[in-house]
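Should a chain be cited, it is by its letter among A, B, C and D, assigned in written order, with residues numbered from 1 in that chain.
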Amino acid sequence: MNKLTRDQMAARVALDIPEGAYVNLGIGLPTKVANFLPADKEIFLQSENGLLGMGPAPAKGEEDPDLINAGKQPVTLLTGGCYFHHADSFAMMRGGHLDICVLGAFQVSQHGDLANWHTGAPDAIPAVGGAMDLAIGAKQVFVMMDLLTKGGDSKLVAECSYPLTGLRCVSRVYTDLAVFDLGANGASVIEMVDGLSIDELRTLTGLSLNDATVSA
Amino acid sequence: MIDKSVASAEAAVADIFDGARVMIGGFGTAGMPDQLIDALIAHGAKDLTIINNNAGNGDTGLAALLKAKRVRKIVCSFPRQSDSYHFDALYHAGEIELELVPQGNLAARIQAAGAGLGAIYTPTGYGTLLADGKETREIDGRQYVLEYPIHADFALIKALHGDRWGNLVYRKTARNFGPIMAMAAKCTIAQVSDIVPLGALDPEGVVTPGIFVQRLVAIGNAVRAAA
Amino acid sequence: MNKLTRDQMAARVALDIPEGAYVNLGIGLPTKVANFLPADKEIFLQSENGLLGMGPAPAKGEEDPDLINAGKQPVTLLTGGCYFHHADSFAMMRGGHLDICVLGAFQVSQHGDLANWHTGAPDAIPAVGGAMDLAIGAKQVFVMMDLLTKGGDSKLVAECSYPLTGLRCVSRVYTDLAVFDLGANGASVIEMVDGLSIDELRTLTGLSLNDATVSA
Amino acid sequence: MIDKSVASAEAAVADIFDGARVMIGGFGTAGMPDQLIDALIAHGAKDLTIINNNAGNGDTGLAALLKAKRVRKIVCSFPRQSDSYHFDALYHAGEIELELVPQGNLAARIQAAGAGLGAIYTPTGYGTLLADGKETREIDGRQYVLEYPIHADFALIKALHGDRWGNLVYRKTARNFGPIMAMAAKCTIAQVSDIVPLGALDPEGVVTPGIFVQRLVAIGNAVRAAA
């Protein structure tokens, strides 16, 4: 079987983002999704630090330290974008105004619980940023992650063992092996990479996955 | 390409349903979206709950909507004015329900809805008739009243300029409730004097980002003549 | 004795407003205070409907229906003034950012309770506007009113009989006959019109007023 | 004539006392008022509680204040960054207290302080470690956590332009926490690139009305060089 590359995963997520959507892409892997949004569609990227209509990274030498994204990297503003303060920015999230938020994760439970802010390691300095706000605010929360850890453990789990970011908040998980819809009935597989069977996925995850794949 | 502009006020309000909760911007007549209200009257939706600071002035705008008997309940801070005679008549006839809310609580509850808060503790109104029966709490030696957010299905607001993404700027004190109502309604419809090209609004000066606006209608340079 | 006229009362209130103060003048009688603020001092008038730096009424023919005050009368904006939305406007009040608020009243209790929004008449349409927010927000709340009703009853009372606007919120009351400071110890007379004695005031109000007048 | 400008950053921060609660604007280094922080370090106030989104970057600004051991406690959402080594060292040595707050709750609690609310119910953090021991409530079928306002004695913020009445505008995403911190502190001190004549700022575009600003210092056109 062919695992999806990170770019392929990002491209797959991008397919599910319709024109006109208001979207927040979390720090790290989700940032890549921006590279695969169709150039002929208008999609609005929000950054928690107070901008809507975020554009791509500036050309070398054009960086402006006052124009950054949530990851504190230099960005640009599209024509038609605008700035606002932090309370308004998080009102956009918490108030349910964003259509889609794409986040990375340490673990996601089959019912949509998210763990992505803290490994629980006793000496780690905790840092949460906007993760908990993003987790509960957007109309749909997508997670993008490798299905397995380097040690081979599934990151899609029955119950999260890491500290939670939000409860029952993730609606869809995009991984390198499959795409899952989550809900009250647990996880449903909607797509798999070629050469992988749902039984193999059940073995890898240890979950009784629903089969929601559609034959091509 | 995303273009939130619609051709007419009539088209903009066509899906406002009977029984809808509708916020209407304005403080008195400043900022009142008259053309949208006229379209709503023509559209015919009834049993509406209206959230506005007042309860109509004279015979136009919200007053006309009241006169047409489309409003079951009004949530406002200051219904009684020298020219609120249509509301006054309905109220005395028992044909309209009034929820009176102190103006700052009205603003804070609308803002809380837009921001996704579940409730707020506000000092305003504590110990008064308007807090009767409401939960209270002492916090750091001061008394507060628990107040819940005010959500709406639609907001009808008036702004000065808008662009096709829905970004808005307002004019002077006609701004009033527009920005917070835009955040609190599921569907916000703005009437603007004109729709300007994308990029014409200063990104530092946009008051309502387009994410809070679903539709806008250009009504021309129809600044209301002084009454 | 010479009762103060309304203009004299307004002028007296204006004396207690220092340069740099942020002030809200309530609808009705308090509006007159603006006419007596010294032209050589910068005092910031706030209007609840979203402006700070309110100027005088415009010249005839210069009225702008989009530039009004809380009483919905046309006003102007001073150079350096600005506009904001209703939530920010009431945050200014409720958050304690205004130095002084001047209000009219039906009754004020000797401990500072305020009644100014509703007479309690059963068939009256209630209307509160911003009165309750103004009453509890400003650092100091001044009331400006005739001491007696037309029927001769004192409006400064032991306990308000009208529905309250705010509890223990009024710090000073300016009337046509005297000026009172209010507090936990009740009302103290700090000034009286010529020809009036504190005993006469006690008779008029039915209150055991403290004498805090200062001999000239 | 009211003129809130002061001659120097040193004069502006001279009354910040030991043990004060001080908000510092900025998201990372964007919007961080470096000159005011340098003046605060030189001034010497200690045992401070600092409210900021982060816990310092590199060796300047807030990081330098931490390194100088003036901070007893920090309230922030995201302390751990690639260049937060001064905070990391203090934290591991047990020399600084950390109150970790989700970023949106941080913003909402600061805004609640500025707006005079007693507390808010927020959905963010419900069911997580960061809500442990906090009061919760179900409202309309959703779970919320009770959170209290964050007040401060001082706010140090950075803006682009200011006028002598204290009106401020910001620059791009350097706006971030500035407007809400200005509302939440008893004394707000702004460093601005320059002080413009009264009337030079568009009254429709003022982001922080002067009522929320007690002092401002012009620090020249010192836009921070990209690190």
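Following the convention adopted for this analysis, contacts are C-beta pairs under 8 Å (C-beta built on N, C-alpha and C of every residue); 3 or more make two chains touch, one makes a residue touch a chain.
Worth saying up front: this structure is predicted, and the values here are computed from it rather than measured.
What is the set of chains touching both chain A and chain B?
Both-contact set = D.
Identify the chain pair with more contacting C-beta pairs: B-C or C-D.
More contacting C-beta pairs are found at B-C.
How many angstrom between the C-alpha centroids of chain D and chain A?
29
Using mean C-alpha positions as chain centres, tell me how far chain C is from chain D in Å, no decimals.
Centres of chain C and chain D (C-alpha means) sit 35 Å apart.
Just how far, in Å, is the C-alpha centre of chain D from the one of chain B?
Going by mean C-alpha positions, chain B sits 33 Å from chain D.
Where in chain B do residues touch two or more other chains at once?
108, 111, 115-117, 122-123, 170-172, 204, 207, in rising order.
If I count partner chains per residue in chain A, which residues reach a count of at least 2?
As it turns out, chain A has residues touching two or more other chains at 77, 83-84, 87, 90, 93-94, 137.
Where do chains touch, given as pairs?
A-B, A-D, B-C, B-D, C-D
Once bound in the complex, which stretches of chain D touch chain A?
For chain D paired with chain A, touching residues are 27-31, 53, 77-81, 87-88, 91-92, 98, 100-108, 110-111, 122-130, 143, 170-180, 207, 223-227.
Would you mind writing out the residues of chain A in touch with chain D in their complex?
Residues 47-51, 63-68, 72, 74, 77, 83-87, 89-90, 93-94, 118, 123-133, 136-137, 163-167 of chain A touch chain D in their complex.
Could you please specify the touching residues of chain B with respect to chain A in the complex?
Residues of chain B touching chain A: 1-2, 111, 113-117, 163-165, 167, 183, 198-199, 201, 203-204, 206, 209-212.
Using the touch rule from the top, collect the residues of chain B that touch chain D in their complex.
Within the complex, chain B touches chain D at residues 108, 112, 115-123, 137, 139-140, 142, 144, 148, 169-172, 202, 204-205, 207.
Taking the complex as given, what residues does chain A use to touch chain B?
Chain A residues touching chain B: 19-20, 22, 42, 44, 46, 52-53, 77, 79-84, 87-88, 90-98, 137.
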